[in-house]
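Following this line, the structures themselves.
Heads up, the next two complexes both have chain A, just with different partners, chain B and then chain C.
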Partner chain A sequence: MIAVTPQRNSSLSLWQNLGRRSFAYWLIFPVLLLILGLNLYPTIQGILTSFTNQSLIDPSHSGYIGIDNYFKLLQDPVFRVSLGHSLELTFAAVLLQVILGLIMAHLLIQKVPGIHFFRSVAMITWVLPIIASVVMFRFITLPNYGLINIVLKELGLAPLARNWFGDEKYAFLLVLIMHLWRNVPFYAIAFMAAMQAIPADLYEAARIDGAGDWRQFWFVTLPNLRYIILVMVVLHVTFTFNNFDFVFLSTGGGPVNATEVLPTYIYKQAWNGYALGYASAGGVIMLVILVVLVLVCNKFIKGLSEQ
Partner chain B sequence: MKGAFPIRRLVTYFGLSIFYVFLLLPIAWLVLSSFRNSDSVQSGRLIPASSELTFQNYVETFQISNFVTYLVNSFVIAFSVMLLTVFLGSLGAYSLSRFAMKGKKLFMMAALLPQFFPYVLVLIPFYVLMSSLNLVDTHVGLILTHSSLTLPFALWMLTGYFNAIPVELDQAALIDGCSRLGVLFRILYPVAIPGLVVAGFFAFVVSWGDYLFVSILSQSNQTQTLPIGLQTFMSSLEVRWGLITAGTVLAIIPTVIFFSIVQRRLVSGLTAGAVK
Partner chain C sequence: MRIKFPHILPLAVALAATTSAGFATELDLWFTPLSAEGPMKAPLTQWLKEHLPKDLPGITVGNNFGPPVYQDGQQKFVVQGRKGKPDVIESVLEGMIAYQRAGLLEPLDDLFDKWSDKDQFIPSTIKALTLNGKLFGVPYNTNVRVLLYRKDLFQKYGLTIPKTWDDFLRDAATISSKESGVAGVGLTTKNGSVRTFQEFISFFFEVNNGENPYKYDEAGKKWAMNTTPEKLTQVLKLYSDFFFGASPSAANQNTRGNDYQATDTDYVSGKSAMVPMGPWIYSYRTNGEVAKKILEEETGVAPLPLPPEGVQATYLEVKPISINAFSKDKKDDWDLVKILTSKDFVATANRIEGVNPPRKDVAQLPEFKNDWWEQAFIAQLPTGVALAPINWGLVINDITEALQKAIYKNATPEVAGKALYNTLEQRAKDNQL
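And then the complex of A and B:
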């Protein structure tokens, strides 16, 4: 009824109101500043750099050269080899990780004595620094006193012993194996958690309909894991395609480019070859491929679910 | 079903043993070798004699100049990243979870999108940016860098955690005279501890293990961390695998201890958003 408010108070409440509204923005401001400033801004800057001849020797002087860098890249045989390796590695690693992850999850969900131990140590490979994993794999594959060669000799298979990382045929396989070693348990644990959330009566109904183990897995388990599979695939396509550490620290891309992937190729162009513009163009190609890969995964798995 | 299918149980153990030999053998071999003297490591025998076991590798690792520096740098940087990530991440998540504001979806997208950008592309302008801010070869530069890598996940995960906490709790506290920041620290923090721990652990692991950004931003042992140190060991101490393995064991101990503490919560934390 009495709607008379003193002028001073109303302006104060307006001020408070403004403060209240902007409070939420102030809370999120530091996070956005860090993420956008240190990730988004450099990426946009990197796309611009890819059209210049910027060099690490004198970064402040560079000129616009259009799409020359892209032309040169596509003609570079090492770039093409690296691109092939990156795609092969990503495809093979993610596919095998999903399959092995499903198998391991299926084992971990069994209620056998001691299963809690297996569940609790599973993720250990995922939390270790990648350099530590590389040291372990370099160490067990050493030519003279690595574990693998020792065991081969004990088994009387000495001719099979070799310098594994130095062998063109096996180095790439070892990089793939290191990716599996690190990530399969993460898949398994994530799938296991999702499997435990599937209502038991779905299996009950399937059994009544006469479905065996395999059909239960195919028609009950798998459809219920679609979403988590999609999340893991997208996460790991990104991780594997972008990963620099495994290759750079274990083989440096060798022997004779046998393990060269896009991240290591681009890194070397920038920091050893000083060609920042050229390297950026390689990075932009990676970005485009990655966007396409993620969209394809999304489509593919969504398509599966609508069957 | 207990004991009903011994064959099934046998198959399970057989499958598990294949997976776990593959997963744990490299770690076990590393730890065992770190306690062997160099003759023993190079003997090509699987099982060392007890006289060949020694702590010498660990003693020598600490005597190598720089190892302690690497260790201290790694600790300082990873702990700061952990604290910064949890603090700023929870502020952002509080904002996204509890306040109506314009552009919420856009903020979320903008925060998550950079997760998909190739690091090698980010790195080049990033280095130019850091040198213009005079942050190359500083702890602060590395802490901010690593935080920018860990914050998107923390923001995403903590927002999910906060969303699951009933708003009635906040309202009751506000009526009792609690400030809006007080609601975050006194009401949401205690309930969301599992989420905060997982976000912090994730940040620690990322920072502790990062090689790529440190290799560009660190130019002296003022700021170099363990991954750089181990890589240097591996290339310069080529034949002294006793030292390399001991250094590696020392570098993974903090992660393993931290992991064993949060392990139960890690699974639910990492997959929380995905499983629901």
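And then the complex of A and C:
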């Protein structure tokens, strides 16, 4: 197959070249405009707001205050706790989702009777609205009427029964479990699709070379999955770090800030305190961290692929 | 046939005149109980359908009654209110204070003073809606927090109605230890929850001489602290004692972090014997036989017990109807406000929810006058304290966070109380109120 790349005609000037391609530019212009209007403008506006003391309930008294909001944020212990939780949650959730997704994909790709049924139902958790998932988790963990506590009591393990979301030690773990419950099947289906595309002769060659199951997975399956892993990791680093719904709907950030993450912290500043400037500064810090995280992920996976 | 412009013009003018005469003014009304799924939605919608065409001729009210949750409505109104929509908004007191601070509400003094019904409203409810000397809403619903207790359990264990915090703790601990599966007291302790705050502030008002934690300093032109670290500590210690003061504890430790749904459900299903509560819980009696029996036959209503040297005071909830300052049809808006706070509407709405009427003429109706539940709550209305007109959002977060620190043993009540005082003081100094 011959790759065709557009070549600039060196005998034409830049403007002539642009003119010849104007149709293409006109085609992408509406999308560009949309992206600029919906993404770039609010981002720049948010950054500018972060240097002001703008309040939603006192809009007429907004003024430039330099980097005061950033200083205040860094001094706020709840902000630091939230930042720590966001990073911990993102790291733990994405890592576990990749590992468990690979295991589940490996199980789903097996050719056993009834596997198509399991492949179909696997995506249910991902299709369910987050609010429905959270309400379900809240019901099954209720102290008096929740399924988990009822089962524990029936098994004679009553001392272990508790208000799971109201317990400092377990609330964060439950938030993590909700992320895994929702996303692992999605990872598994994506990985399974990529696994099915790996040519069978690669495995055959590996077997001839004496590779066992583990070495086949490590040297054939995993390198062939690196691009889908990169896509999933980048998507879910962004999703998990930005995720607001799971925490807000299940614990509201409590108990005692045990599950507070950056999105819920920023939300409270903006909508409970109406401190738009301060909340914007939190948002800008979040944006910077997110960009760095995605760049690190990219670099890490690229490194793997080069190896 | 050619139609010439001069022929069309009079026809168009005539058509425009006829159609515009046929159009009614359409007002946007945000009224949370009309959009939230609950016992009030269907009957109140029906009431409006029947009454609006005859009481407000020429005016229609849109069918979208705004977000079904107060907090969502609050966020949306603060952002979009300046566009003039909704024209009329129902809210909670904390929300109304924020709208007024944002300059979104129309002062109603002149209109209210000319209204023949104005003397029907209980003065304390009007006072609660008067901010900086101006009235920004007309009340359609009010209530205070009281103590609900299980008469049957009190009788069974020979207990008397608790009058002091010490009695309260002792009675609750007695029930926890003697009645299997029942906690002596049920409390809402979720962080950031408005209900957690309302229960806390009810106890706090008792300690703080019936006054708010902030007072406006006329000389300094800013809000200043109107309490002490010790008083905040005293309330936090009460909570801590409920969860750790006895074995078994007066309040179930496994219910720490519960929001209002769990507190309400626990009481009506017999899992707790006492709760600081408002009158709305009466609507739970349709939830089943157990709830009906507990609420109608086994529940007693008493004032909240008092701390040493405390005064009888409690959180006063008032729900107002207000006019958007940017609405184009203020005369029509006021007509709608009058209907939504009229004797008939207030009676219908309050009866369904079981809350107290802010109108004297409604309170005199037989269905309110002869109802023990209504009367028990109405008797406590004079002890209600309205919130100060500050931005409570972050203060609610601070208070609920300190409360959680105390009940999760993250800090002693003394340390949490002092830290809370410092945080609240800093907010006043930083003009965040």
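Definition applied: the second predicted complex is superposed on the first by the 269 of 307 C-alpha atoms of A that agree within 3 Å, B and C clash if a C-alpha of one lies under 4 Å from a C-alpha of the other, contacts with A are read in each partner's own complex, and residues count from 1 in each chain.
In this section, a contact is a pair of C-beta atoms (placed from the backbone, for glycine too) under 8 Å apart; a residue touches a chain by one contact, two chains touch by 3 or more.
The shown structure was predicted, so the numbers you read here are calculated from the model rather than taken from an experiment.
Visitor: With both complexes overlaid on chain A, does A:Leu74 touch chain B (first), chain C (second), both or neither?
Guide: In the superposition, A:Leu74 touches no partner, neither chain B nor chain C.
Visitor: Tell me which partner A:Ile130 touches in the superposition: chain B (first), chain C (second), both or neither.
Guide: first
Visitor: Name the contact category of A:Arg162: first (chain B only), second (chain C only), both, or neither.
Guide: A:Arg162 sits against chain C, while chain B stays out of touch.
Visitor: Between chain B (first) and chain C (second), which does A:Leu173 come into contact with in this model arrangement: first, second, both, or neither?
Guide: neither
Visitor: Using the superposition on chain A described above, determine whether A:Leu27 touches chain B (first), chain C (second), both, or neither.
Guide: first
Visitor: Please determine whether it is chain B or chain C that touches the greater number of chain A residues.
Guide: The partner with more contacted residues on chain A is B.
Visitor: With the two structures laid over each other on chain A, which partner does A:Leu95 touch: chain B (first), chain C (second), both, or neither?
Guide: It touches nothing on chain B or chain C.
Visitor: Return first, second, both or neither, reflecting whether A:Val288 touches chain B, chain C, both chains, or no partner chain.
Guide: A:Val288 sits against neither chain B nor chain C.
Visitor: Contacts for A:Val256 in the overlay, against chain B (first) and chain C (second): which applies, first, second, both or neither?
Guide: In the superposition, A:Val256 contacts chain C only.
Visitor: Between chain B (first) and chain C (second), which does A:Asn272 come into contact with in this model arrangement: first, second, both, or neither?
Guide: second
Visitor: State which residues of chain A lie in both footprints, the one left by chain B and the one left by chain C.
Guide: Touching chain B in the first complex and chain C in the second, residues 59, 142, 144, 271 of chain A appear in both lists.
Visitor: Taking the touch rule as given, give the residues of chain C at its contact with chain A in the complex, in rising order.
Guide: Against chain A, the touching part of chain C is residues 71, 74-75, 78-79, 98, 101-103, 189-193, 252, 254-258, 262, 266, 269, 271, 391, 393-394, 396-397, 400-401, 404-405, 408, 410, 432.
Visitor: Along chain A, where are the residues that touch chain C in the complex?
Guide: 56-60, 78, 142-144, 161-163, 165-168, 171, 251-257, 268-269, 271-275
Visitor: Which of the residues in chain B end up touching chain A in this complex?
Guide: 1-2, 8-9, 12-13, 15-16, 19-20, 22-27, 29-30, 33, 41-46, 88-89, 91-92, 94-96, 98-101, 107, 110-111, 113-126, 128-129, 144-145, 147-149, 151-152, 155, 180, 205, 208-209, 211-212, 216, 226-227, 230-231, 234, 241, 244-245, 248, 251-252, 255-256, 258-259, 263-264, 266-268, 270-271, 274-275
Visitor: In the complex of these two chains, what residues of chain A are touching chain B?
Guide: It comes out as residues 21, 23-25, 27-28, 30-32, 34-43, 45-47, 49, 59, 103-104, 107-108, 110-112, 118, 120-125, 127-133, 135-140, 142, 144-145, 147, 150-151, 153-154, 181, 184-186, 189-190, 193-194, 197, 227-228, 231-232, 238, 241-242, 244-245, 248-249, 262-263, 266-267, 270-271, 276, 279-280, 282-284, 286-287, 290-291, 294.
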